[in-house]
Every structure is written in structure tokens, then in C-alpha cells.
Amino acid sequence: MHPARQQETSHEETSAERDTSRLEAFSDGVFAIAITLLVLEVKVPHFDNASTSSALTGALLRQWPSYLALITSFFTVLIMWVHHHIVFRLVRCADVKLLFVNGLLLFFISVVPFPTAVVAEYLGTSAAPAACMLYAGFFLCISICFQLLRMAAFRPAVMIPSASDATLRRLRGSYWIGPPVYILATVIAPFYPFAAICICSVMWIFWAAMTREC
Amino acid sequence: MHPARQQETSHEETSAERDTSRLEAFSDGVFAIAITLLVLEVKVPHFDNASTSSALTGALLRQWPSYLALITSFFTVLIMWVHHHIVFRLVRCADVKLLFVNGLLLFFISVVPFPTAVVAEYLGTSAAPAACMLYAGFFLCISICFQLLRMAAFRPAVMIPSASDATLRRLRGSYWIGPPVYILATVIAPFYPFAAICICSVMWIFWAAMTREC
Amino acid sequence: MHPARQQETSHEETSAERDTSRLEAFSDGVFAIAITLLVLEVKVPHFDNASTSSALTGALLRQWPSYLALITSFFTVLIMWVHHHIVFRLVRCADVKLLFVNGLLLFFISVVPFPTAVVAEYLGTSAAPAACMLYAGFFLCISICFQLLRMAAFRPAVMIPSASDATLRRLRGSYWIGPPVYILATVIAPFYPFAAICICSVMWIFWAAMTREC
Amino acid sequence: MHPARQQETSHEETSAERDTSRLEAFSDGVFAIAITLLVLEVKVPHFDNASTSSALTGALLRQWPSYLALITSFFTVLIMWVHHHIVFRLVRCADVKLLFVNGLLLFFISVVPFPTAVVAEYLGTSAAPAACMLYAGFFLCISICFQLLRMAAFRPAVMIPSASDATLRRLRGSYWIGPPVYILATVIAPFYPFAAICICSVMWIFWAAMTREC
């Protein structure tokens, strides 16, 4: 192959890559900030009785819904970032459709601290059903956005030419599992709020197991 | 063409690109953080009566001005990020003027959570006119900054040589629509506060439609 | 060597590097945000008596536990970022194991503002033992995660081929110091809370001294 | 020149550049987050009387110290980011000394929201002297750190070989202006608090004028 021509090809590839690199960097930023803002919902406990070590320990332990919500949200968003990364590695450039769907996904990701805070506040109260339904409903929206992102990304117009059919088939198959499970969690939340949170927690372990890199 | 010479040209291009790449990365950071901080303005509702699911649902629904303000601000900032990206792809290097105008734009972008919080708090009260005027006024400032950015960016001194006249003409034309519409929104806000917010909401759909990538 | 072939090798290297570059960028984001959110725990002092300069100065000085906790957490997280960087420079690509361990480390890093705020609030009270034990316990968890990260990173499957044995031996040796020291800090915290914080403060100076770059 | 050899040189340069690129990206993150967190200190006004538009407007206007502090801090941090960028463009790789000084600078940058909030709260009260002294004192610390950064960066061990003497002399000269001016601001703050803030505000305009890129 002629070096000059190869240079050109390489230059075009770089230029195409640059198109999504800033989009990926911006998305990474939103994911990283949303995941780190979650900690702001865990409040330093304040209590009326004397500030002794046992009072503080008790107050810290009573905040378990905050920790459960934080851990579930953190690892779900983290796994979603990993899958966002997997999808975008197959994307050559971003058109309006992909930009719009990605924006919708980022919106729901950035808002995750809100339902997390609601669950942290109300999981231990009799308002738990509504709080958990909001929480599961949010993750349902995110999984639908992911489905849309996959559909927008795996079109010949934006995909890299070297994407193997096997990879695409595997990714297509696995993403269909998300929405039905989150629908189930949302539907059972009014009756078994804690079970709904558990389903959301288990999902990220499932997504993590599906990740294959290197 | 001689490979060594081509290498040099390519090296210079890379070096020039690096000049704006850190500026773009920093701007991306500010956009991403401002957009994600918006969620902090949506407060977990607290209510006096017993924490039942219906009380929580009611309290969550009564916060609709927060959600409206969040969605409008999120997608407007997102679309502005897309257009910031489109402008900077045509920039070869950043001089003082461009740095200064970009700084002014970033200032208003980073402050967006403040008018958003004011609208979220006062849209349902009789102080809505002042709140909406502040909100529309902010987006007017941002659209003026964008106009200044476009003027600072589309000068031969900082532009890439390969920028086509057609692209420039299209971008120049479209940006002039922003300021007058936001002036209208600001002016009618004292009389029809809700209409002003609607105009701001509609604008980002218009900006989105104008985006052409890939 | 033939230029075309060299080009290919270089292209493969770039492609492999890109695999970890987005992971590193995301990790950097989480580190940078966690470190900057620490300042939100330092509250503007409010006091009952007249707002005179001496009252403000006194109120600012009485917040010394906030400053101590902020400084200790900031520099510990900063040094951990430096070491995260040192480890990942030896990594060629990220597999599931490394992704998972890195996620666990990022979780604890992102949560650092919480124990920092607890120490800032309760170091001056009789609840200091519990607060300091929580704080030291957190850094123990982080140092264990770092140990796991090192083990996940220094496997032939993910490491760059050119990593020298001397570098690996040095890094392996130095990281074993972390967990025992943090165990000590956690164990003595109920009896000497202030000493536990001091040990945590001293550790980052030790980690800093171990850094060798350039 | 032989293409293969040139390729190697170029590869080494890229590798050296990568050393500081992650440090720059991390620093950029801290700068971008610190600058965007400033808006959190501007609170939505709450007032006792009826929520009318004129009451809200009045309450918003009474918050002028918040806006003044926000604008001064935002543009000072922004200009410092520009100068951080200018210094690091001359750096080839980061050794322990440079890492440590950069860490110290990032610490003070990340803490800027705190003195900003103190000034915003107390500029209109009789505690203004103490608040402004804290504020000016912070910027004094930052300008000293910048001086140290310049000294750590402009050593042959870490500098790029192509840095021109003229550039170095210009940068060396201009940075000496910072500390004395901020010392002056800190010293006069107890007597003329408002003048101290004005000096801090004027400084970033001076730094901006000194920026020469492209």
C-alpha cells in the first residue's frame, strides 16, 4: 500500500473518531458528575440527645435506606456508563437522531440523584410504595432510552464498518432484558416496595456479568 | 507528495488542534457540570401530614414547576453545548478575544442553575412574572454571548482554512434568530410568565432541528 | 523496518490505548469531582450575636475540624489519583475484573465527602470516637480496593508488555503498607480519635514521597 | 530525513505529552468543577412578606454581594485556568515537585467557593472586614502557589526543549505582580473591605490582558 494514501485513510478515521470523541467526553462528564453527586444525598445525621459515640453510631445505622439507595444507584449508573462506552465504540459519527437519544439518556442519568434521595428519605416510612415506584420508574425510563440509543447507534449510517455481526447480535439480545424487568419492578413497587429496590439492585449485577472487554 | 513533508503538515495541524482541545475539554466540563447541577434544585418534598404514599405522590406532583424548569434548562444547555461544538470545529486556535467571549458564555452557562431554581420556586406563586423575566433574561444573555462567540470564531485569524462558505452562511443566518426571540420572551414575561417559559422551551426544539451532523 | 507495517503496529497500540483512555478519563472525572465536592462540607458560619468581624473570625476558627478533615481528605484523594494514574499507565486494556475493582474503588472515592463531613461535624464533640472510626474505616476500605486494583492490573492478560519487573516489584511492595496502617488507625480511633486522624494525614505524605515520575 | 526515524521521534513526543495530558485533564476537571460550584452559593431568596414580583425583585437585588463575589471568583479562576494552561504547554513531563505544587494550587482553587460564600454572606454586614480579609488572603495563597508552579515548571528537567527564552522571560516577569498586589488587598481589607474586593476584581482583568495566544 502506498504510504501517502494510507496516511489519508488514517486521517479520515481520526477525523471521524473526533466527531464522537467530544460527545463521549461530554457524556462521560455527565455520568461521572451524576454518580458523584449521589453522595450529597447522604446527610450527616443530626440528633437531639447528647452527641455521644453510641448516639452517632445509632443515627448512622438508622440511615441504611440512604446507603442502600446510594449503592444501587451508583453501580447501576456505573454499569450504564460501561454499556454506553461499549455502544459508542461501534459508532463512527453522531447524527441528529443519535445526539437527541443520547441527550434524553443523559437527562435521565443526570436526574438519578433525585429519585435516589426520595427513596433514601421515604423507604423507612409508610410512603415507601410511592418512593420505590418513582425509583423503579426512573430506571425503566433509562432502560428504554438505552434501547433507543442502541437502535439509533446500530444503523449503517453511523456505525463503524468493521462492527462484527456477532457483537451486534449479542448486544441487541441482551438489551431487551432491561425494560421488562424494570416494568415488573415498577408494577410490584406499590405492593412490595423493598422487592422493587432489590430487583433494581440485582439488575446491575446482571449487566456487569454481561460486560466482556479486553 | 513527499511523505516527510506531509508528516510535517499533519504535525502542525495536530499542534494547532491541541490549542483548542484543552479549551474545548474545559468548556465541556463546565457545560456537563452546569447541566448536572440542575438536579440539585429539585428538592425532596417534605410535608407536615403523615408520610403516606398518596401524600408523597401529591407533594411530588405539586413540584411540577421544578420539573418544567429542569427540563427546559437541561435541553437548552445541551443544545447550546452541541452548537458550541459545531462552532469550535471550525476554529483552528484561540486568541484572547475568543477566550474572553467563551469565558463570558461559560459564566452564563454555569449560572443557569440559579434562574432555574428561582423559576422552580416562584412559578406557582404571584411572583411568577419577576421569576420568568429573570429566566428569559438569562437566556437572552446566553444567546447574545453565542452571537459574540460566532463573531469571534468566524474570523480568518482563528478559523480553519477549509471551512466552507456555505457552512458559515448557514450558521451565521441561524444564530440571528436567538436574541430577538429571547427579547420577546423577556418582554412578555411580566404579563404572561408562563408563555415566556414556553417560548424558552420551544427554542431548544428549534435549535435541535437546526443541528446537522454526520 | 517497513513504514506501512510500522504504521499498523502504531495503529494497534493506539487502539489498545483507547480502551483504557475512556476508563481513565471517567475515573479522573470521579476523582476530580469527589475532591472538589469536599468544599461543600465547609459551611459558612452562622452565629447568634451581632455580625462583627471578631465574631466572624471566632466562628471561622471554631470550624478547625472542618479544615483538618478537608485538607486530609483532599490530599489523600489527590495522592490516590496519582497512584491510580501510575497503575493504569502499566495497563494495556481493561477486562471485567479490572472494571469491577476500579468501580468499587471509585465508589469509595466518591463517598469520601460523607465521612469527611461526619468528622468535620463531630470531631469537637464527645462523639469523636465513632466519627473518627468511620473516617479511618473508609480509608481502610479504599486502601484494600487499591490492593485489589493492583492485583487486577498486574496480570499478564491486561498489562503492557514493556512493564519492567523492577517497577512492578517496587509498586507491589509499597502498596502493602496501606491496609495495616489504616487497620491500626481504625482500631485506635475509639480510644484516641485525634491520633487516628493524624495517622490518616501522615499516610498521604508517605504516599506522596513514594511517587516517582518523569 | 528518513520517515521511519521521524515516526519514532514523533512517537516519543506523543508518549512524553501523554505524561502531562492526564495531569492537565485532571486539573481542568478541578478548575471546571470549582468554577461551576460557585453558583451553588447564590441562594434562591426567601422572604416573609407575600410573594409578589416586586418583593422577589427586591430580594434578588439585595443579594448583590453574592453576585459580586460570584463574578470576581468566576473570572479569577477562569483566568488562572488560562495561565495554568500556558505554563503546562511548556512542560514536557511532571516530576514529584511539580505534582506536589500543582496539587497545592488545585487545593486552593477547589476551596475558592468557601471564601466566596463568606463574602457573599457578610459583605453587607459589619463583619465585612474579616470576610474580605479571608477572601483576599485566599487569592494571595493562590498567587503564591502560581509562583511556585512557575518555578517548578520552568526547570530544564521538566520543560520542553523548544521553549523560547523570550516566552519564559515574559511569563517570569508578569507573575511577580500577583503576590504584592494581593498582599496589599489583604492588608487594607480590615480598613477598606470593599476596596480589597475591587483590587481582586481588577486583577483578573489585568491577567486577562496579559494572555497572548494564537
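To keep things simple, chains are lettered A, B, C and D as they appear, and every chain counts its residues starting from 1.
FYI, contacts are C-beta pairs under 8 Å (C-beta built on N, C-alpha and C of every residue); 3 or more make two chains touch, one makes a residue touch a chain.
Since we're looking at a predicted model, the values are computed, not measured.
A.B. asks: At the chain A/chain B interface, shared numbers over all numbers used: above half (same) or below half (different)?
C.D. replies: different
A.B. asks: Farthest chain from chain C, going by mean C-alpha coordinates, please.
C.D. replies: B
A.B. asks: Can you work out the whole-Å distance between the CA centroids of chain A and chain D?
C.D. replies: Comparing mean C-alpha positions, chain D is 33 Å from chain A.
A.B. asks: When the C-alpha atoms of chain C and chain D are each averaged to a single point, how far apart are the two points in Å?
C.D. replies: 24
A.B. asks: Return the residues of chain B touching two or more other chains; collapse runs of consecutive numbers into ranges.
C.D. replies: Touching at least two other chains: 3, 25, 29, 33, 37, 40.
A.B. asks: Report the residues of chain D in contact with chain B in the complex, numbered from low to high.
C.D. replies: Contact set of chain D toward chain B: 1, 3, 6, 10, 24-25, 28-29, 31-33, 35-40, 42, 44, 50-57, 60, 70-71, 74-75, 78, 81-82, 85, 208, 211-214.
A.B. asks: Would you pull the chain B residues touching chain D in the complex into a rising list?
C.D. replies: Going through chain B, the ones touching chain D are 3-4, 7, 11, 19, 22-23, 25-26, 29-30, 33-34, 37, 40, 93-96, 99-100, 103, 106-107, 110-111, 113-114, 117-118, 121-122, 125-131, 134, 157-158, 190.
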